[in-house]
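Report on the structure given below.
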Amino acid sequence: MDYIHATLLIPLLSAIVMAFMPNLRLSSWLNVTVSSANFVVSALLMLKVMEHGAFKNNWFQIDEFNVYLVVLTTFVAMTTSIFSRPYMEHVCHMGWTNKKGMRLYHSMYQLFQFTMLAALTTNNLGVLWISVEGATLATVLLVSLYRTPEAIEAAWKYFMLCGTGIAMALFGTVLLYFAAQHIPGFDAEQGLTWSVLFESSKQMHPVIISIAFVFLLVGYGTKVGLVPLHNWLPDAHSEGPTPMSAVLSGLLLNVALYAVIRMKMIVDNALVSSNHPHLAGYMLMSFGLLSFVVAAFFLHRQRDIKRMFSYSSIEHMGLMTFAFGIGGPLATFAGLFHMLVHSLTKSAIFVTVGHATHISGTQNIEKIRGLIRTQPSVGWPLLLGVAAIAGFPPFGIFTSEFLLLIATMKSWPWLAPILLIGLAIAFAGLFRFLHPMVYGEVPDGQQAVKANMWPVILHLILVLWLGLYIPDTLANWLNEATRFISGTSVL
Amino acid sequence: MDYLSTLPLSGQLINLLAALVLLTSFMLLVQLRLVSVIHTFAWQGALVAAVTVIVAWSGHHGHLYLSALITFVIKAMFIPWLLHYHVNSLGLRRYVSAHPPVTGLMIASMLVVFSYYIILPIELIGDVGESRNIIAITLSVVLIGLLGMIIRHHAIGQVVSFMSIENGLFFAAVATTKGMPLVVELGIAFDVLVAAVLFGVFFFDIHGRVGSMDVDDMTRLSETRD
Amino acid sequence: MIAAIASSDILLDSVSGSDLLNPFAWLMAILQAFLFVLLSPLLSGWIHKCKAFLQNRRGAPVLQPYRDLRKLFGKEAIVAETTSIIFRIAPYIVFSSTLLAVAVIPLVATMLPTAAIADIIVLIGFLALGRFFLVLAGLDAGTAFGGMGSSRETMISSMAEPAALMAIFILAMTVHTTNLAAAIELSLQNGFVIRPSFLFALIALLMVAVAETGRIPIDNPSTHLELTMIHEAMLLEYSGRHLALMEWSASLKLMLYGVLISNIFFPWGIATELTVPAILMALLAIILKLFVLAMILALSETVLAKMRVFRAPQYLNLAFFLALLGMISHLVLEVHV
């Protein structure tokens, strides 16, 4: 599978090249080119997997589950890089950062993409941990790119909380390795190989596995942004440059959730005949539901537009975590589909919000007014994007939330009202702020900016299309992934 | 004959070092002077490296010598040196923390009991026994590191606590599982190294832009700000 | 664990039962206590000599404490008019309680009839009795310094005792007995085992011993600097044979702690059977151990400075904390549940 190596090497090499590239114009174009090329490579990888099926060796594994996330990652990275070129030009023009900062930005953007892809494709839990920690390291300097006290504070919080959280995940990984040592025929080199652990997890010690899962969930859950470990997320999203917020929300959270699910698969398998076979599921459900509800309420208190949408991200990550916690085929399908549509929608929203903040010169919601009149090409996508993220039909998020509700009613009927109420609260929270922002009176001095809205439109059309009709290929694909995760297929 | 005397000498030594690492962990919690905190941290790193050498020697794990060397160089020499450098250049040599050490000590003791309680249900299958108790110690080192991050207000003090968590994790990996695969260990060491350098960047930024190294003064970001 | 308790019971029986009627054993026990009393001034003299050497002085001869004692016994004991009978009987009570304490400690052999009462808690009780009368005597004269010394002594001992007990409980939990002789025999049976808890207990006990015997950094036995003294402040009013007894019991106490620490933590060499070569061997061993321990003490007293009295609680808290940590590591690392 040379495509795997290619898809990892392209961002890694370009990160190194861009770190030393003095010409900013060139490197911003290179950023776009490389990201697009990587998308093509990952699409080829997907085609190959569709043709030949899953692939694994000691270091990499590509199956139905992660290949779709790989494609999603490269796709969002590509569209965000397209958006980031004029956006960062504007940032540089405004003097918020300098040439050195821009070089760092481009290099770290690619490095971040590399760590994400490495985390997704690796078959080794140790490498997974290193990649997720590497993602923190790559993005932490980008959060503080503008060097304002707020940005530094946000980056510090991000660094400390995620660093600590991820340390817990390492402890969990060590415990998993410890448990693996008592599998008959243990091979030290394969003790952290996911596929080996997954196959032989029934022989692992259930108590150690349960303890390990608590640490793994806390660790990777910090990165997912699960309440009460979410404090870094709104700060990091609101203070970093907007393309960073887009990829953090659209990619990093997904990858962290991916790690949690991989762990859950091992744990579920290991605990199947123990006293608490659903331990992992229950924990995911409670963390997910808590995050969902708390974030929905917090949406109402926001004054910063990027903070508001980062709480919306927490809410949706909570929803997905809850879905994977329920764990049946339908809920898993809904969770996977939600990962896809949320990623597309949220990165589109952040891109739009980036332009909106440039139009009004502030991130303060009360000062962003009348976007549709000032610049319809920004105002309408924002309106549509928020409608999509709030779960309006016919967008794709409606589909996944609807599926999740059905799954909840089937297995946990008394939780369905909580979900509905939470969705309503979140909906109200988003729209009470959105309405004046897109329609209200235009304040003086607000003027249109140069914006490349094609990525946003592409994302929104995709989400709309997925809401109206899921293509057979994709449906089969998600179905395979669902079968892989939950054991039974939904279709 | 009691349990401990059935262990080989290496096992006894590891036990001893585990207790000493726990001691340094407690010391990191109560020490008030920033400089002595960094010294203790260096000792902790050296102890962890010593454990690695013992495990490598007793189990003939060749690659562990390399990780022992890396650990010693990074945790006992480079990071303490870097921290001393920052302390000097930020003029903090005489800084004395104002956190309550006795409260921390009491909570830390409870954390040790708690971690033991957590680990206790692991039944003794095979040779789990000797390493199970070590897990309890390393878990408490991790939790005490977390506690240190909570009760310390100084950015450098927090970072030292954070790094001591990493020490606890490495100890766990070495003493209970004879080390992770080499690639993973190298990756972790690299991550720690990069994190240490990045922390340095942040110290200067916080000092320069925020104006205070006390993390309690970082209150600009809140839900209701303009 | 049950087996260990059972075996320690059997051991206790063998210690207390078989040798009770053995006249040679009784003789040995008396001889041992006598030896203890006889050797203790020598230990003090040796420490003085070592300190002098480390401070580049020639120092008094090693036998100087004996000469001091002889001189004091030869002098008239002057008693203040304001004092009560307690002042006069206190030296005898202090000396005899310390004597009783040293009599039960296994110095050279464990198989002695006194081993049956060689319980650590009994030992602490004897020492507490002595201290109680020492404190009373300090108060009795009604002078400012005496009262000050007594109050400080009480403060220190009230903080040192929990630390000492905690350290001793670690020992007791490891060997499943508080009987010193049985404990020593059990650790001899186990051979050399590195116990983290013992390391902490050893450091804690050393710190407590330094505090309890009034050495640097808690108290300085060689000065009479008014504001800092503790032990000497209580003895200010004593003279003649009273003072001699008090000084002698102080050096007895020092040696008691030395023997306790060296025989518990490094029991090798002590006689477990009553034969002449074994006992001679044991005598040699204990002298060697005390010799080394005294040098360590002298070194630490030379290196360290006396701390302010108000820092003493911190010091003793540290000792207690170390003992606590020892207890934790015993429970977590050394017990197989």
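Odds and ends about this structure:
Per-chain numbering from 1; labels A, B and C assigned in written order.
Throughout what follows, contacts are C-beta pairs under 8 Å (C-beta built on N, C-alpha and C of every residue); 3 or more make two chains touch, one makes a residue touch a chain.
The structure displayed is predicted, hence computed values, not measured ones.
Taking the CA centroid of chain B as reference, the farthest chain centroid is that of C. Relative to the centroid of all protein Cα atoms, the closest per-chain Cα centroid is that of B. Chain centres here are Cα averages; for chain B and chain C they lie 38 Å apart.
In terms of their C-alpha centroids, the spacing between chain A and chain B amounts to 31 Å. Averaged C-alpha coordinates put the centre of chain A at 67 Å from the centre of chain C.
Contact residues on chain B toward chain A in their complex (touch as defined above): 118-119, 121-123, 125-126, 128, 131, 135, 138-139, 142, 146, 149, 155, 158, 162, 165-166, 168-169, 172-173, 176-178, 180-181, 183-184, 187-188, 190-191, 194-195, 198-199, 201-202, 205-206, 209-211, 215, 218, 220-221, 223-226. Residue ranges of chain A in contact with chain B, taken from their complex: 124, 126-127, 129-130, 133-134, 137, 140-141, 144, 147-150, 152-157, 159-160, 163-164, 167-168, 170-171, 174-175, 177-178, 181-182, 188-189, 191-192, 205, 207-208, 211, 234-235, 238-239, 298, 301-304, 307, 364. Residues of chain C touching chain B in their complex: 4, 174, 189-191, 193-197, 199-200, 317, 321-322, 324-325, 328-329, 331-337. Contact residues on chain B toward chain C in their complex (touch as defined above): 1-5, 9, 12-13, 15-16, 18-20, 22-23, 26, 102, 105, 109, 112-113, 116, 120, 124, 129, 133-134, 136-137.
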